[in-house]
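The structure that follows is given in the form of structure tokens.
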Amino acid sequence: MGAIRDYFGNISSALTTAAKGMRITWRYFKHEPPITIQYPRERVEPPPSYRGLHILQQDKCIDCHLCAKACPVDCIEIEAIHHGRTLEWKQFSIDYKKCIFCEFCIPVCPVDCIHMTSEYELATEDPDGMVEDLLTWTGLRPEDQRAVEAAVNKKKGVAAPATIESAKGAPEPGSAEDKAAKIAAIKARLKKGSA
Amino acid sequence: MGVLNNSLPDIGPVRAVDSAIGWGRKSSIWPMTFGIACCAIEMMAVYAATFDLDRFGAGVPRATPRQSDLIIVPGTVNAKMAVRVKRLYDQMSEPRYVIAMGACVCGGGPYVKWGYNTVKGVHKIIPVDIFVPGCPPRPEALMDGILKLREKVGRNQVFARQAQTAADMDGRYAAAK
Amino acid sequence: MNETDIHSKLAGAVVSGVGALDESAKDPFVVVDPGSLVPAVTFLKNDADCRMEMLNCVTAVEREDCIEVVYHLSSVTHRHSLTLKTRVERPAGGTHESWIPEVPSVAALYASADWHEREQWDLLGVRFTDHPDHRRILLPEEWIGHPLRKDYVYPHEHGGMPLDLDAVPLYERDEATPSEPAAPRPSGTPLVQPPNPNSDRPDAGGVAPADSDGDLRSIKPGSNDGGGH
Amino acid sequence: MTSLIAFFEGLGLEGVLALSAAYALCIASLLGFITVYAMFAIWMERKVAAHIQVRYGPMETGAWHGWAQSVADAVKLLFKEDLIPPEGNKFLFWIAPAVVFCGVFAGFIAIPFAEGMQIVDLHLGVFFIMAIASVEVIGVIMAGWASNSKYSLFGAVREAAQVVSYEIPAATALLVPILVVGSFRLGDFNAFQADHGWLVLYNPFLTVAALIYFISSLAGCKRAPFDLPEAESELVSGFHTEYSGMRFSFFFLEEYASMFVAAALTATLFFGGWNLFPWGGGWEPAPLAPVILISKIFFFIFVQMWLRWTLPRLRVDQVMAMGYKYLVPWAFVCLIGAAWFEYMGWGGLFS
Amino acid sequence: MEALEMYTVDPNDDVYTEELKLNLGPQHPSTHGVLRVELKVDGEIITASRCDIGYLHRCAEKIGENVTYLQFTPYTDRMDYLASMNNNLAWSLTVEKLLGVEAPERAQWIRVIVAELNRIASHLIAFGTYGIDIGANTPFFYAFRERESIMALLERPSGARMLYNYVHPGGVAHDIEDGWLEDVLAFCDEFEMRWKEYNTLLSHNAIFIGRTANIGVIPKDMALDYGLTGPVLRASGVSWDLRRDVPYLAPYDDLEFDVPVGEGTHGTLGDCWDRYWVRMREMMESIRIIRQACPRVPAGPFMDKAMNRMYKTPLKPEPGEAYMRCENPRGELGFYVVAEGGTSPIRCRTRAPSFCNLSVLDALLPGTMIADGVAIIGSLDIVLGEVDR
């Protein structure tokens, strides 16, 4: 008797559970709108805390190498020549072939000059194109150049040249415009890399 | 078809055929169901409803390498796996594309220094078309990579002689002379 | 029961070669001789008051003078646990190649020990005698060396697959002219040398930010946001 | 068909030539129809799946909802490298997709889309379709064997076992309407249902028989929950694991074409054919008949897709158990019951 | 569908056919990554099997011996990449045990919430991929939809989608923002509704039950013998949950939750369906925990003051060793760390739950069918990153 009950029970349970499942999928088909974010057309911005590509406030950076030491994967390479307090920048690059976006380089910075943006698109055809130089300028800036020359000349006993002009027009380091300009620079570089 | 590849003159009708083929190929990139590590989960997220790779016609993951056009290598490849990755790539039929997904596959990633058995980038094993670094890359970043691959595939010339190829042939011709 | 009770029970049983309980450690442990390991574990598993049904983990630890094998046992019934250790002394000049310590296997007692012991053999080169299936588990069977040893030499390639960062890709190699085999690395060195001497592993204390004060602080005159902290 | 021959004879062609020309035109148009239909069905399947799964499906290929997606797939597959496993049997590997496709293709010639709109009006139409559709199994076994892959072999053997087993309940269930109508000719079913209403409502045994035939046809088309021969999570891709490019697309075409044939049989034999309303008809204007029939066919194809994206897959022994323990006995019960009803003169809800 | 009697193959039988060697993986849709299983099959029936792992061996233990304690945290993310919060937590607790410090109270409550959220996310993947293994593709998409919500939630405090690196020794890396807890509670309400849908669609489906009930039965003794933990052990009828039995975070003592145990509802105790069902019910228990924990998150620091300098000066614990275990979604994750005074440990052993859970596979497969093998692998819910490390 049990076997017969099982037999008919199987038929009824197979049909009813299939029907219930089909009711759910029908509801989804008919009533639930797709939740897809159509990526290149629409995009959801990651939260402000997102750990994306780095930016550097080069004005602030003091070439202390603490971020490079904190990095678990040794992906930061920094090179700068010290002229007293002035820095002649050669390189501040992050190798995104290694970077794991762990954020350990951020809290160690004594001058709070390295940050992570919400940018993340980094696809490229070039195997060497994934090393990003965060510097917005290399070498010395003109006013620093003059200051260094002045210092050198002073040591030599030559009279100082004209007064140093402070850089005008450049956005205040750390301000919102500065950040936006740097993100734009990163984007431009990425486009160049992929083309 | 093989003999005709890149051998016809680079003129309008041939170009039109090429661009039609390129359109077909780029609109129908079937990836292989292939997951290795962490990035595979983000790759699954790309197939899933929120990002839906099928919008680009690429949401038909084929389990067999014969039928797939794209192998996304999502995760660290080590010495034991590298043999298999190479074999899978060899089993795929032309045209085939490779996306290296994640830092490990692009160039070693976090395992570059102390990883005694990891391959430092899958481009040491198989030729890679697009690199998508990140650890793991966001699904959007992978889609960005796939969009770049689509551009690249659409640019490819099938029958028309490529400028570079022609130059090579001229060079060879000159050398033979 | 706590660890002290278990230890006294274990030492009181017929099992010989059971050392004292190190209670100062964070997880108190008992050191037993390799010879009496199997009886001790058998006792702990079968005794009604101990009932260590589960072998959580088998770990080999390479120290200066010895290799330790650590067994973490726990009981679901009584909800207690115990750490058991056994030590094999390092002979003079015992290196990675020359010295394979041997410890009796407990795979007959716990099925979970099977894979754990294989892993320890694979990574640290500890041979577990009487193990039913003594093969490598994670690395390929033909792998040379045991990588978790301190004097392990990193390979350049394995099975034709390049493992170096600067290796030439397989498909770009010229088959006709085989490249010369790379020179073996000195033992214990990592695969990739640090990119520059300054960014070596942070040592004891590291470089405190205070050290980098002074000259480096301000970049240009008139910029007073140099010290952001 | 006869009208076509007459048309070509009218153009001045002799007997055999006219016949050949008519057949060539029929085959060409049928091939075109199957290709276009399969492309549409594949696109539809992807859209149905996507909307069940709260996503969009193809969107970017072609302007409107990715309508050109299947065209792109076809172009790509056409220009993809065709690999033949070196260890396999090259001839069988080469011919298997053609064999698979031919079986289903031949089935199409007997389907009447409207009165006279049929390539060959066979008196044994149902019988012919059932018989010729089984040829596909031979092709699948050839493919599985010639691939020299274990997964392919598993898929082929599963397919053979499954299709052969499910022929029995499917054929038995089809015998029920045949018994009621008293003919194998597909056109007669339409005529009968115009007078008596849809057969599925004719008597309760026919309702059950319709369900049994629909389930068995799922198994015959390798559709979920019976997609064991190509079970992706078990056998990679089953019997076509080693196929690539154009040859692989033949298997794809075959799957969708056989879905069409199965849905057409269901619609014609049980659901009124080109009669719009369940209580019969015959009043529908002739040009509307193919539209009605094809919309019914697409409804059943949609149900097949809907089932596929809802249900899990059965195991191979469960498929066999379901066939032999559940469907076969019930199909015979239906047959005997319908015969009894016919003997007693009962039934016919709308007659 | 009725229960399938286990097949046995007798070589002396008259209709004994030739055995076929079948290689499952490392690239196979249902091996959940790069597991390779060599099978010997007689027709559809598996007669012998041998697991081959190591295709994702990434030298985590060697790295642990060479980087600092803090720097190893992101590497723990990459072990069980489906539950990185829980892995971070286990590692942080290990380092805290070694140092003898304790995280502030606020950090502990945040840890409970993020760990339970990640447990749900991990079980959702198990649910979705199990559906695919069995042949139902749609649940995968529903599971990923809910998982995306969880990831959006966890992204806000941690800043990453998947590998969070959020729980650090001494606390958590960032404080939660205002309104986050309310959003978590709102997610809980939505999830409860969705969970019922999952069950109608898959859990109680007759075909699904037919495919999973009575398959891959692990008796209680066998489970303990193989060192199985987590849902796999609990499905065999052993009520053993470290959150309740060895509370490693103080808030777990105050919270009320049940430990779901397998009951053999549709077949034998400890079969695939039980394992699946334990996971499904655990999701609801996690929701219960989150609901209790959210209103109770106290104000205060989220990171130990003294530990905060570890970002600049590497941690340097006293010589010693610690074994710390936590209840991860897959079972007991243990870290055994031996310190000898340097900035990095001399041994950093990971007792990975998936590693032990997978070891039972070779004992389960013989006698089942190929399709059952797929169901069994799926029901163990392994993560190869953790198996191979």
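We call the chains A, B, C, D and E, going by the order they appear; numbering starts again at 1 in every chain.
The rule is simple: contacts are C-beta pairs under 8 Å (C-beta built on N, C-alpha and C of every residue); 3 or more make two chains touch, one makes a residue touch a chain.
Predicted model, so just to flag it, every value in this text is computed and none were measured.
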>> Can you list the clusters of touching chains once subunit B is excluded?
In response: one piece
> Can you name the chain that lies farthest from subunit E, using the mean of each chain's Cα atoms as its centre?
Replying inline: D
>> Please tell me whether A-D or A-E has the greater number of C-beta pairs in contact.
In response: A-E
> If you average the Cα atoms of each chain, whose average lands nearest the overall Cα average?
Replying inline: E
> If you average the CA atoms of subunit B and of subunit C, how far apart do the two points sit, in angstrom?
Replying inline: 39
> Taking each chain's centre as the mean position of its Cα atoms, how many Å separate subunit D from subunit E?
Replying inline: 44
> CA centre of subunit B versus CA centre of subunit E: separation in Å?
Replying inline: 33
> In whole angstrom, how far does the Cα centroid of subunit C sit from the Cα centroid of subunit D?
Replying inline: 61
>> For subunit B, give me the residues that contact two or more of the other chains.
In response: 33, 48-50, 52, 55, 63, 80, 107-108, 110, 112-118, 123, 135, 138
> What positions in subunit C touch 2 or more of the other chains?
Replying inline: 139-140, 147, 190, 192, 201-202, 206, 209
> Listing for subunit E: what residues touch at least two other chains?
Replying inline: 1-2, 28-29, 54, 57, 59, 62, 66-67, 74-75, 138, 141-142, 145, 163, 201-202, 205, 207, 312
>> Give the list of subunit E residues in touch with subunit D in this complex.
In response: 1-2, 4, 20, 22-23, 28-30, 44, 131-138, 141-142, 145, 201-202, 205, 207-208, 210-211, 369-372, 374
> Which bits of subunit D are touching subunit B when the two form their complex?
Replying inline: 46, 50, 53-61, 66, 68-69, 71-83, 232, 236-237, 240-245, 248
> Any idea which subunit A residues touch subunit D in the complex?
Replying inline: 7, 10-11, 18, 21-22, 24-26, 28-29, 32-36, 38
>> Applying the document's contact rule, which stretches of subunit B touch subunit E when the two form their complex?
In response: 32-38, 40-42, 44-45, 48-50, 63, 65, 75-76, 78, 80-81, 84, 88, 110-111, 113-118, 135-136, 138
>> Show me the residue ranges of subunit E that touch subunit A in the complex, using the header's touch definition.
In response: 1-2, 67, 70-75, 138, 145, 155-160, 163, 165, 173-174, 197, 200-202, 204-207, 311-312
